[in-house]
Each structure stands twice: as structure tokens, then as C-alpha cells.
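Both of the next two complexes hold chain A, though its partner changes from chain B to chain C.
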Partner chain A sequence: MTPSNSWWDWGYAAEALPVLFDGFKITLLATVLGTLIALVLGLVVAMVRRTAPAIINAPFTWLVEFIRMTPLVIQLVFANLALSPFVDSTLMIGIWVLGIHYTTYMAEVYRAGIDSVPKGQWEAATALSLPRVRTWRAVVVPQAIRNTLPALGNYAISMFKETPFFVVIYIPEMVRNAQTFGGDNFRYTEAITLAGLIFLLASYPTSLLIRRLEKKLA
Partner chain B sequence: MPENTENSGTSGAPHIEFRDVVKRFGDNTVLNDLNFTVTKGERVTLIGPSGSGKTTILRLVMTLEELTGGYIHIGGTPLQYEEQGGKRVRIADKRRRRITTDIGMVFQHFNLFPNMTVMENIIEAPVNVMGLKKAEAESKAEALLDKVGMAWKKDARPSELSGGQQQRIAIARALAMDPEVLLLDEVTSALDPELVGEVLAVLKDIAAETDISMLIVTHEMQFARDVSDRVMMFDEGSVIEQGLPDKIFSEPENQRTQDFLRAVL
Partner chain C sequence: MDGVIGFFQDLGPNLELVAERMPQIVDGLLVTMLAMALGALLALVIAFVFGIAQISKFVVVRVVARIFVEFFRGTSIVVQLFWLAFVLPQLPYPFGFQLDPLLVGVLALGLNYGAYAAEVVRGSIGSVPKGQYEAISALSLSPTRGMFRVVIPQAWALMLPSLSNLWIQLLKGSAIVSTVLLYDLFFQVEQLRDRTGTWFAYTFALLAYYLIAWLIVILMNGLEIRAKHNIGRGPALSQSWRGLFQAPGSTPEGGRSARVVRDKSAVKAGTAGEGGLA
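Let's turn to the complex of A and B:
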């Protein structure tokens, strides 16, 4: 369909929706998997940095800083160039890059959470002769996560909003689909506006939920 | 329950033994060449001005602090360090834990796990350290909660309870491991005055009904007098006077003991 000349064409917008939703599925998948990767690896990184000897810690810290101090877009392009000969799915490359990028942020959040567990909790665990692993699993991590849930949630929303960077490695997420759709007629207003609205509709209620959670935990 | 009638404090094999113990924090020497023993079933109260090293002694026995020098033996077994071929060798954490399983500690600030219910707090170690079945640990926990008068709160979270209630649960949690040594570190210092009595009453019962060896740091001199077999007066990291509670509290010989008791009584 060729859009009318007015600045907004409802029919054209309606046509864009299914294309956008196709992309939204990818966006959502990337957010969920990326968040899972960051949640799990972030905790591992935080625990390693707290317990490992300096000889492991130093290069590890350097790597974490390196990832944090370079832009996600560059990491996406670089990883895609480096890995595409070995990995079939560009989407998987994107998801891992996003997940690992945010691992470094979530690790910092976990670190603060672990530090916020009072010394007396570790001492009580020692007094009960709890093994190290059990102390982490039953005492420290549950309390650390409780303290950090809101911050972790905010990073999840942030990841959601950064999935459009996938455009640089041609993953058909929502914004890329909007661009492709608009490109057919050199008319982007409807598709890009709708994509933005969909982002808003998804992230705003989530952020409200997180704020409520924050109040409840405070 | 049959009582131990031999805990006069002067007989029996040493249960806790400090040998030439040194503890420094940086440049600050807290304990210098400390030697003493506690016999099985004996209740020893440590008194003295703050900073005299009393709490450090308890924390060393619980392995919460690392010895700087010397040795601690529990029931004849080295706890933190041992002598091997004339060298002082650190004992690995795993081996330390085998010994600390027999040692329980109650803290000034209770230190219950806030992410667990009262019941979960108590069965955590029996299940995960001693390997008890959950049902078994729970029925034992019920009995202990009954003893400290807290059975009705077994499903509550620590944050819902008063300080006195939390401390009684912390006592039950320590007892759930069937300790042979119990360390009481200023267990009533963080409590509102009206809650001190309920905690001390529970501890007096336990002292009367068991033969657990106890090391007690407290400012409750009447309690110390009631439960102790021996009182040790500390100042600047060494024992300056010790003896039966009646003797120490009524007619102390050392000038510093006299000054200290005049200030706190």
C-alpha cells in the first residue's frame, strides 16, 4: 500500500503493526535471554572477585573494566565479525554480547549487595560450622539478591531498550523491522513512532513494578 | 536429665586450653601470651574493662579471629594451629569446622538469618552440617523452642520478633547442634532492660540442666555470680585475678579488680 501524503496515515500504520510484532518477539527473546545470562554470570563474576586470589582477580578485573568501558555497538560489530565464521545465528551472537556486556554492570550490583550483608551473618554461619558453599547459597546470596532486586530490574529494562543496537548486525528485531518496513516507501514516521510506543508500553509498567518492589523491600 | 555433679571447675581434663596465645590487630596487641584452661562442664565468666580482650578470646575459640601466636586445644585437639616437626602449621578450614561443630556461640546482636523463618534458622545447621533428616531436626527444634518459650513463633521471621525473643531463638539455634562448648558474648547487651530477664532465665535453666562447658562475657554480674564456677578478671590482655565468683565479687584482692567492680556494680 502506498501511504497518503498527510504526515500520519492510519492504514499504513496498521500495516506496520504485524511486522513490528514479529520484531518485538526477537526483542523480547533477546531481552529475556540476555537478562538471564547477565543475572547468572554477574553473580559468578561478583563471587569470583570476592573470593578468588589476586592472581586470578587482577586479569579478571581488567577484563570487566574493558567490557564496561567500550560501547555495546562496537562490541556487537566486533563480535559479529570475529564469530560469524563459527556461529550460525547472528541473533545468538547479539544475545551473548548483550548479556556479557550487562554482566559487568550486574556484577557491580551484586558486589554491592554482597557487601551489604552484615558481617554478623558470616559469623553466625561460621559459628554453626556451615560449609562455605552452603553459607553463600543459604545465607549470603538470598540476602544480597533481596537488596539488589530493584537495581537488577532497572538493568533488565535498560537491556530491553538497548536491543535496537542489534540493528548494526542486521538482526530483525523491532526497530530494524520498522526501518525495513519504512524503507519500502521512504516513509518511516508511522513504523518508528509505533516501535517507540511499544517500547514505552512495555517498559513503563515494568519500571512501575520495580518501583513498587523497591518500596516493599525498603 | 542427669546432672553433671563434677563441674567444680578444678577437676577433670582440660576442655578448652589456651597455650601461649597471642592476638594482635595490626600494631595493637590484644592478648599477650595468654594461658588458661577450662575443664569439661565448667562455666567461666570473663570480666574486665572493655578492650581487655574478653570478646577476642571467645572469637578465637569460634575461629572468627585468626590466632597470631600460640595454640588453642579443644578436648585435646588443636583448633587453629598445630605443631608439626617443630613448626606452627595452620589447620585447614575444613578440619577446623569438624571441631567447631561442637562449639556454639550466641552473639550480642543475635545474628539470626533474616531470610529464614525461626524454624529454618534452627534446623539449618543440624540438617546441613550434622546431616539430620529434616523431620528429625524439626522435632528436635520444636523441643528446643519449647524450652526457650518460643514454640508459638516457629513460623515467624526474625524481623517480626523482639530482641529478647530473637536472642532466645539464637540460643535454641546454638543448642540445636548439641554443642559441648557454648560461648556467650554479651548476649544481653543489645537488649532493652525489660527483656534481659527472659534471656538470662533461659540461660540459667540451660546451665542447670546440661553439662555444656561455657565461656561467658557479660556485664550482668548477678548472672555471672549465679551460673559461674569461676570468674576471670582481665585487664590489658592478661588474667589479673581469678577464683570462685563469691570470692571475686565479694572480696577481690587485686586493686584493679576492686576498681572495676566498684564501677560496674
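Let's turn to the complex of A and C:
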């Protein structure tokens, strides 16, 4: 079907929608798995930085900072080229790179959360001679996580909006599909505009929810 | 020869290749620096205009500013970039023009990160204590003069750490502009790959961006120290030059984000985390 030469062609937009939704599934999958990776690894990184001896801590801290301060786009292309001989799924490479990139942010959030647990709590754990593992698991982490929930939610949304960076390694997420669809038909207007609107429709209500959570916790 | 072993084996010849390709790499570096600087400038203007507009006493101004900010935060940077690069040229008259790729990059970066920064500006102005506003009227300063001489200097010191983080975000985001045919640093380093292999080319690219990010950190740390000194809350730059090399989020009192998380007013204002990303 040839789109008419107007601002907007509804028929053409309707054709683009299923293609976009196919991509949206991958966008969502990447966001969910990426968030899980960052949630778990972020806590691990924060705990390592808090407990490891200086000789390990210094290079580790530098590595975390390096990943955080360099472009996700380059990390994606690099990892894809370096790992594609060993890993079949480009999507899995993308998800891990995204997850690890955000791990470095989440680690900062957890660190701030751990720092904001009052010193008295640590002292109380020592006074009760709680074992080290139990102090972390039962005293520090539950309080730290509560303080950090809104920031973690914000990063999940931010990750959602950065999944289109996957276009550089040709993962067929929503924006890549919009680009391909537009290129195949020599008309980009509907597909790319709709992709943007879908992002807005999905991320705005979520950010309102998080703002509410912030007020409740504050 | 590629892989980690190849990286070290071929390091010498690869560095010679870099030297040989230096003119192109410098060209790319200039494009990246230009996109990053102009994008940040546009973002800063947008941040102040739409940050302050959101606390205007006119409802219409507030609503329009709010819609603008939510729109550009909510639609991804990549979508905005593609829209300016691919959709805009295809629109009917009076649009339908092809912008220069650099302008596309600067506009997309400036609009997107400017919208995030507008939230930082709004939040920081909101966290200036109420007593300061009372002081403005007590000294019978005009509201405009009070805004520029009392409120903004204090808010500026508060917003600099978040703006610094956002500027690094903008720099990192700028690597995507090579997808709309802007020959930036990333593009030029990718051209190296055929001859040096993946590991060398991309390590070089990451290091180059890392160094630029540090330039931003040092500049913004300097501005922050100066801003704090100007409002009487810290030593002069000449006495605290070590502060220039403070990594973002690693201040002695437990990190910037720690301060932000503890500061509930900043959390409410949406500046939590690194520059209030989402």
C-alpha cells in the first residue's frame, strides 16, 4: 500500500502498529531482565565496595566508574563484536550490557541507601553480636532498600527509554522496527511518531506512580 | 589478530595506525565536542526557561512547561533523533526540510537532556529555604532582583552536581548521533576497526570518551566549588583544588546521591539519583 502524500495516513499507521508491538515485546523483555540484572548486581557491587580490602577495591571502583562514564552505545557494539563468536543471541548480549551499565548506577543508589542506615543500627548489630552475614541480611539491606526504592524505579524507566540504543546492534526492538518499516516503505512519519507516543504512554504513568511512592516513603 | 591477546601483541603497530589516522580522529573529536558543547548549551537554556516556567504564577505557563518537559522526557532520545533526521524531511510544506546532521544531533540532545535538566532547575529552586524569600521581601528587593541575586545563586550551587551528571549523560548519549550520519568520534574510531581489530578500536573509543567525561567532571567541580564559595558555604577554588578531581558520587560525606536521598525535599522535587534521570 502506498501512503498518501499527507501529514498522516491512518491506514498506513494501522499497518505499522503490529510491527511496533512485536518490537515492544523485546523492549519490555530487555527492560525487565536488564532491571533484574542491575538490581542484583548493583547490590553485590555496593557490598563489595563496602567490604573488600583496598587492593581489590581501588581497581574495582575504577572499573565501575569507567563503565558508568562511557557510552552505552559503544559498550553495546564492542560487546556484540567481541562476544558474537561465543554467544548466539545478540539480544542476550544487549540485555547483559544494558543490565551491567545500569548496575553501576544502581550500585551508587544502594551505596547511598546503605550509608543512610544510621550508625546506631550497625552498633546495635555488633552489641547483639549478630554474625556479619545476618547483620547485612536482616538489618542493613532491608532498611537500605526502602530508602532507595524510588531511585531504583526511576532507573528502570530510564532503562526502558534507553533500550532503543539497541538499534546500533540491530536488535529488532520497537524503534529499530519503526526504522526498518519506514525504510522499507520510504515513509517514516507514522511508524516513528507512534513509537515515540508508545514510549510516552508507557513511561509517563509509571513515573507518576513512582512519584507517588516517593511521597509515601518521604 | 583479535581478542585480548591480540590487543597486547599488536599494541605497537596499532598505536602507529592511530597516529596515521590522527587527522580523522581529531575531526571526529571536534564533532563530538561541538555536539556535546552546543547540546549542553541548548539544554541549559531549555532547563532554565522551562524550569522557572514551571513555578510561574500563571497556570497556562505552568501547564505548557509541564507538557513540554514530560513530552521530551517521555519519548526516548533515539526516537527524537530519528524523528528529526527521518520524519521532518518527509513532512509536507512548510516543513519537509533536511537539517544538517550536526543540528539534528544538537537539537535532539538539547531538547531531551534539557527536559531532564528543567526538573533539576525546578527542584533546586524549590529547595531554597522559604526564609530566603522572606528575606527578599524584608529587604524590599523586587521579585526579579531577588530571584537573580538571592534564589538562583543558591539554587545554582544545589543543581550543579546533578547538572554535571546530566552533562555526562548527554556526552554518552551523543555517541548515538553516528546513526544519523554525523561523523563523530565514535564513527571515526569505528573506521579503525578494520585494521586494528575490535579490542583495540573500542578500548581506544571508550578511553577517549572517558577522558572527555573527566573534563566535564573537572569543569563542573570547579563551578560547584566556586558557586558554594560565592554563597559563603565553602573554601575558595584556590584553597580546594583537590576537589576538582573528585569523582562524581564519591564525595567524602558519602556521595552526592547519598546527600540527595537523605534530602527529602530533593527527592520530592524529582532530583533523586544521578541527575534525576526518569
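Just so it is clear, the second predicted complex is superposed on the first by the 218 of 218 C-alpha atoms of A that agree within 3 Å, B and C clash if a C-alpha of one lies under 4 Å from a C-alpha of the other, contacts with A are read in each partner's own complex, and residues count from 1 in each chain.
Just so we're on the same page, contacts are C-beta pairs under 8 Å (C-beta built on N, C-alpha and C of every residue); 3 or more make two chains touch, one makes a residue touch a chain.
Computed from a prediction, not measured in an experiment: that's the story for all the values here.
Enquirer: Look at the residues of chain A and decide whether chain B or chain C touches more of them.
Expert: Comparing touch counts on chain A for chain B and chain C gives C.
Enquirer: Which of the two partners, first being chain B and second being chain C, lies in contact with A:A195: first, second, both, or neither?
Expert: The answer is second: A:A195 touches chain C but not chain B.
Enquirer: Check the residue A:R134 against both partner chains and state whether it touches chain B (first), chain C (second), both, or neither.
Expert: In the superposition, A:R134 contacts chain B only.
Enquirer: Is A:R146 contacted by the first partner chain B, the second partner chain C, both or neither?
Expert: first
Enquirer: Determine, under the contact definition given at the top, whether A:F78 touches first (chain B), second (chain C), both, or neither.
Expert: second
Enquirer: Is A:E123 in contact with chain B, with chain C, with both, or with neither (first, second, both, neither)?
Expert: first
Enquirer: How about chain C: which of its residues touch chain A in the complex?
Expert: Per the stated touch rule, the residues are 3, 70-71, 73-80, 82-83, 86-87, 90-92, 168, 171-176, 179, 186, 190, 193, 198-199, 202, 205-206, 209-210, 213-214, 247-249, 254-255, 257-258, 260-262, 264, 267-268, 270, 272-274, 276-278.
Enquirer: Can you list the chain A residues touching chain C in their complex?
Expert: That would be residues 5-7, 65-66, 69-75, 77-78, 81-82, 105, 108-109, 111-113, 115-116, 147-148, 150-151, 153-158, 161-165, 167-168, 175, 178-179, 182, 187-189, 192-193, 195-197, 199-200, 203-204, 207, 210-211, 214-215, 218 of chain A.
Enquirer: Looking at the complex, which residues from chain A come into contact with chain B?
Expert: By the definition above, chain A touches chain B via 118, 120-121, 123-124, 126-132, 134, 138-139, 142-143, 146.
Enquirer: Within their complex, state which residues of chain B touch chain A.
Expert: By the definition above, chain B touches chain A via 62-64, 93, 97, 100-101, 103-105, 107, 109, 111-116, 124-125, 128-129, 173-174, 177.
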